[in-house]
Amino acid sequence: IRSGSPEVIYCEGKSLEHIRGIVRHMLDYKEENIMATRAGRDVFEAIRDVTDEAVYYDKARIAVIKRKEIQKIPGGIAVVTAGSADIPVAEEAAVTAEVLGNSVERIYDVGVAGIHRLFARLDQIRKANVIIAVAGMEGALASVLGGLVDKPLIAVPTSVGYGSSFHGLSALLTMLNSCAAGIGVVNIDNGFGAAYLANNINRINRKGYGEHE
Amino acid sequence: IRSGSPEVIYCEGKSLEHIRGIVRHMLDYKEENIMATRAGRDVFEAIRDVTDEAVYYDKARIAVIKRKEIQKIPGGIAVVTAGSADIPVAEEAAVTAEVLGNSVERIYDVGVAGIHRLFARLDQIRKANVIIAVAGMEGALASVLGGLVDKPLIAVPTSVGYGSSFHGLSALLTMLNSCAAGIGVVNIDNGFGAAYLANNINRINRKGYGEHE
Amino acid sequence: IRSGSPEVIYCEGKSLEHIRGIVRHMLDYKEENIMATRAGRDVFEAIRDVTDEAVYYDKARIAVIKRKEIQKIPGGIAVVTAGSADIPVAEEAAVTAEVLGNSVERIYDVGVAGIHRLFARLDQIRKANVIIAVAGMEGALASVLGGLVDKPLIAVPTSVGYGSSFHGLSALLTMLNSCAAGIGVVNIDNGFGAAYLANNINRINRKGYGEHE
Amino acid sequence: IRSGSPEVIYCEGKSLEHIRGIVRHMLDYKEENIMATRAGRDVFEAIRDVTDEAVYYDKARIAVIKRKEIQKIPGGIAVVTAGSADIPVAEEAAVTAEVLGNSVERIYDVGVAGIHRLFARLDQIRKANVIIAVAGMEGALASVLGGLVDKPLIAVPTSVGYGSSFHGLSALLTMLNSCAAGIGVVNIDNGFGAAYLANNINRINRKGYGEHE
Amino acid sequence: IRSGSPEVIYCEGKSLEHIRGIVRHMLDYKEENIMATRAGRDVFEAIRDVTDEAVYYDKARIAVIKRKEIQKIPGGIAVVTAGSADIPVAEEAAVTAEVLGNSVERIYDVGVAGIHRLFARLDQIRKANVIIAVAGMEGALASVLGGLVDKPLIAVPTSVGYGSSFHGLSALLTMLNSCAAGIGVVNIDNGFGAAYLANNINRINRKGYGEHE
Amino acid sequence: IRSGSPEVIYCEGKSLEHIRGIVRHMLDYKEENIMATRAGRDVFEAIRDVTDEAVYYDKARIAVIKRKEIQKIPGGIAVVTAGSADIPVAEEAAVTAEVLGNSVERIYDVGVAGIHRLFARLDQIRKANVIIAVAGMEGALASVLGGLVDKPLIAVPTSVGYGSSFHGLSALLTMLNSCAAGIGVVNIDNGFGAAYLANNINRINRKGYGEHE
Amino acid sequence: IRSGSPEVIYCEGKSLEHIRGIVRHMLDYKEENIMATRAGRDVFEAIRDVTDEAVYYDKARIAVIKRKEIQKIPGGIAVVTAGSADIPVAEEAAVTAEVLGNSVERIYDVGVAGIHRLFARLDQIRKANVIIAVAGMEGALASVLGGLVDKPLIAVPTSVGYGSSFHGLSALLTMLNSCAAGIGVVNIDNGFGAAYLANNINRINRKGYGEHE
Amino acid sequence: IRSGSPEVIYCEGKSLEHIRGIVRHMLDYKEENIMATRAGRDVFEAIRDVTDEAVYYDKARIAVIKRKEIQKIPGGIAVVTAGSADIPVAEEAAVTAEVLGNSVERIYDVGVAGIHRLFARLDQIRKANVIIAVAGMEGALASVLGGLVDKPLIAVPTSVGYGSSFHGLSALLTMLNSCAAGIGVVNIDNGFGAAYLANNINRINRKGYGEHE
């Protein structure tokens, strides 16, 4: 992890006791900002037992302990979703990107079944440096966007859907097989990973952020 | 099979000898038109040994023995493909639909990676009574079309692609999970079945075609 | 969506608060009928907080807010199930089709393990313009029906079954590979989509229903 | 293997040299009849190099060296196929059953897409002691037969089909999930195993055939 | 269903109200014995609301309403399990077979990891007319038994196991691919179906049981 | 496609005749460079029938017709492979990236089974702007690299391997589930797509390359 | 089971009543130590109802009733995990190995995303006789370790992960396809089996432990 | 790789030219023995172009260039197969183990369908230090052996089989889910890897073989 970037705790399946311990240790021995992902409200409250500074983003299920000012870098990231059910994953991406210092544009619920909604927002999307497309069910949003923009496009399949969506497999395969070239795919529901990659892309050749340990 | 509709021979895996036998039998005991699908040029030539009347559609890999005039019904069927590699499956659908008495519009190579090409043909597509969308790789064409038209839409996944397209599985799942409602999906590469269903749709309430035996 | 057709809310995974908000917005800004699918009784009650007009179809898990008279179109849709466990999916299809203006015949529990029950209802089925076959486990109903009727046939695999039914995969594959041609398949348990397609089929060439936006 | 039952060689993947060696050894050290399955014509000819007695069943791809009279047992086995492409697997079953001493009725090409053909043969099927149903694609024949007969029913899925038939998986799942109870399923294309089980069923409580070693 | 055989209610997913209704109807209009499978104790109690005659087999999760004497047929069925966790499925098979009039030998917990336990019971197993092998995890019991007996062998894979047992898929594939010929496989956990097939096998050529409707 | 970027022909499954036609058309009506991917030597020779200018990269299976000088952009792309069998896919990526104007560093055969070889090249890898990791079998290279660098990392699973590698599925899943964050995955063997994405990343905020149509 | 080795009870899915019965029986009729795996605290308490001697290892979810001194053998086993979420599986392995008489080194949370942590512990790992690598998500730890050590390496995939980890399938495939030779893989989450194999390896040629029954 | 162990070339997919180059390089710069696996006779002949010393093991498809005496270690490895079709994989294991310095016992064609053959060889198997079980189809051999021996057991699933064996998947799952504890599984058909692991096991605590780099 680059110096200057936050410490990250993945909370899924960790006990509250364990999480409190990790946070205490980080507060004592590290100086960076801290973010906890896949954190329910109960996790947030456990963190609040340790420190008052924590802020909770409930749609994103992320808690953040801000200890230093986050240094903004120029160039935005557009986070686009097909449906409203994809928003939690999109918010995980958006909040992560912001905590890493990026400006984020949220363009939600513009899936291809009503493609005019997507076209209405296209100018806004094209202004971004990097685009994150979040979609479940059949995940066609990534292909359509890929044909319309020239910027790096990161696709996040979500587990939204039922039956033969097979918990995100359908959207995942769609995105991997897109007829539009130049799409990088991350794991199902992995908003965090998409933002992390987007941040790495956005930081190429930018000075002053620190070096990999 | 409705009386008036052709006899159909599925040639995959049948020996030339066997096919010649079936054709001879049909010529002797039946009066309908005959079509042979999944027929390579060798199959066509085997049929020509039996009768001079056979005509070959090589892109569709269909041979037809026309013995009665095909009665055209009003209302067209649009056959749309994403790529040029999908054309053989599309032709199987188009020729089948024509042999069954339908008018067919071919709109090929208008996949979503270059969505302007699809929009350029949209008026033509919308005039059809039934639409058949043929696509491999990620199969997003069906979803996009589904959002743009109100007509019955039949989706045919093709085995075009490689790697995680898994021989058509990716396009199949895409089409089954489409966020656009009202799409009926047939088997991978099954142009024949799509045309058969389109014909059944197109014939509702039309007189003079005959009855199911 | 065609003008004249209802607004649809897919309730799975949406909070009651969210659903109330959507309904309020639709009541204020739209004029069409409203239907909420995958709606438990709690969803229905949340909608009743907003409006007294809502009616609940519990087997279908659909709530409907009727604001305009639904204009019936001629030509019926037959909804056929293999078992009694398939009825909820069938009801989702049937109620959706009715809300879209179609007449529906329900022919339930006529699966192929007791094929005489299917034959006893065949005349009734054949009178329909479009047939929806709903079946879980091995889904053979669609193949048998496909061989007996000439009308467009839409097959809905259900997740009914256990073990190697793999939550509907077995029925889905059966329906896609049917030896009877002319079957359009929708996603597992997708009664809504089947009805939507059936309605599109039933409306071809009918005047007075409105145009796609 | 019961004494009195033939020696069996599964030839798939064995070299001609190897097969000749096995046959020679069996002729020298064993006294039973010999059958070679999955044997192409080249295998048959290799066996003919060793002994003149071999007879070839080409549809079944079985070679038999008859050294003792096969003792017929009463009670027949019906082998039923859905399509004509399933006949090779059916013949593997039929010839195996005959070599094991059973009478076999062949009822081919009576699949459910034309169910009247199945009904026309039902009396003949019902006379059998054991029924073997052989079907590819969606394999619905087993379910329909299961609802019509009370005899032990063995289902053989075949790899006939394409696309989402996934080389026999579709038919296999159909047969395992049949809504008709009392169906025993064997491996895809395993006509031999079906006949072997049918023979074991047919021999219950019959004297004079020998004992398991 | 053969006359003389019981009416069967599959209770999974049916409401108590629904089950009570079915039982009442059967008591009024049918004369056969009644059995309810996949019945929890709550289902049993619901049935007791309707009739005092019901008896509950809790390991088998089967309730039986005996109205006529069950006519025993000669020839036993051996039900064999690999582990103790497979016993519920085995009991579903055993109780079903008994209600259908068969004698049952239970030979439990003799899996191949301790093969001497299996050999210790082999004489008892060999006396049966039909053998049902019930096993989860890797399901090797069926192969070992298949090599040791000449009787019809029905294999029931169970969902016992974890990880790559994939809810019974591992045992299912093992049983389908057994190197021992003559094994008929039923669905995962389908003790009922195995017993139903075993009964059909056991009844061949036996008089006085009734005819298929 | 950005103006200034080459025309691309995907040759898999296209006839030589077809490819010659496409090339002729592009030479007549377009001005950009032309590259043909998945092109065997026979394809290259077919292109040479049309124009003398074509150059062939045999490891990459790419033919290039250079008509304008390719404008180099600063900032390199490192293409890294695990084994030597992954080189063809890596070369598809490397040559594509070069044709698109990027400088490429090739670091081949540094897979994790001999991790010192990877460390020996790490400085060179870290100098790149974007890294493409190409690996088959278990694909662990991507995870290890992801932990060592901060640059955008694109992972290409290859179909190298056998047995449970399932034609690239194993490497694909590895890369999607990497414990190192910030990896974008493309389809199995899709070197072209990886390079296309890498080029899009490398071009952010660079002037003078042209705009999307 | 070797004499001298403990009796093992696999508690998953067994009732507390059943477990108490098994323990009582073992205490009466056997003399070995007893261990209960997959035992929640409730299971432990049920065992305590029977005997005061039981000790509980909560991270490992194992209860042990020690009745004889465990005879230590020389040569240690290293249990290594990629993440902290893999620790429960690792503890199942570690405690099992200890109960079987082995010395265990625990080296946790040294996954490849921070490979320096693994290198820091390498000397300790290399001192072991046998190494158990426990990892979920993409499971790359096994490959990296395999390239660094010459000792027998047992890999345990865990179900840690989400989305396309498919409950451990991703890690399982990774480990089976490792480019480092000499890795033996056990079932997903099967810490017990890994320790059992490690113990068998560690005991080769060691005297005085007893013989297989 | 341990010093003293041979250089290994995996030949699958490498050109003859390439292999000749690797061998020449190894002869010039290395001193160890050389073995080439997955080597057809054509590969062997290519190697013979470079050196006369090469010896070919055709069943194993391995070529060996022996330059130093192989130092034998005490303690044998038993390689056991279920069928004769598994012998090529077994020979890959056996020859590899021998080249690595181990004594090998071959016990072939003792699969569980004729379990007496396995028992007849059990004493011989039990004398080995490590056992390699090689089986395709359902792979039950590993489970049966696992219950009979206390030595480390390595299971190699093979791709022998058809239909639902799914190219070795069935045997692989069987081996991973074995009810006998203590089995380490390698990739489908990976005889080399099994021998490599067996050698590592056999060498624990033995002096004089060399150290890992």
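Chains: A, B, C, D, E, F, G and H, in written order; residue numbering restarts at 1 for each.
Quick note on the criterion: contacts are C-beta pairs under 8 Å (C-beta built on N, C-alpha and C of every residue); 3 or more make two chains touch, one makes a residue touch a chain.
Quick caveat: nothing in here was measured; it's all calculated off a predicted structure.
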Between B-D and C-D, more contacting C-beta pairs sit at C-D
In terms of contact pairs by residue number, which of C-D, A-F or B-F shares over half with F-H? B-F
Suppose a student superposes the Cα atoms of chain C on chain H; what rotation angle should they report, nearest 5 degrees? 180
Calculate how many whole Å lie between the centre of chain D and the centre of chain G, each centre taken as the average of the chain's C-alpha atoms. 46
Chain A and chain E: spacing of chain centres that average the CA atoms, whole Å: 51
Measuring centre to centre with CA averages, how many angstrom lie between chain E and chain G? 36
Once you find the CA centre of chain B and the CA centre of chain C, what distance in Å lies between them? 26
Junction residues of chain B, two or more chains touched: 148, 163-165, 169, 172, 176-177, 181, 187
Pairwise chain contacts, counting only pairs that touch as defined: A-B, A-C, A-F, A-G, B-C, B-D, B-F, C-D, C-E, D-E, D-H, E-G, E-H, F-G, F-H, G-H
Inside the complex, what are the residues of chain C that reach chain A? 12-14, 157, 159, 167-169, 172, 187-190
Complex contacts: residues of chain A adjacent to chain C: 84-85, 160, 162-165
Partner chain D, residues of chain E touching it in the complex: 2, 8, 75, 126, 129-130, 148-154, 172, 176-177, 181-187, 192-193, 196-197, 199-205, 211-212
Residues of chain G touching chain F in their complex? 82-83, 111-115, 137-140, 143-144, 146-148, 161, 163-166, 169-171, 173-181
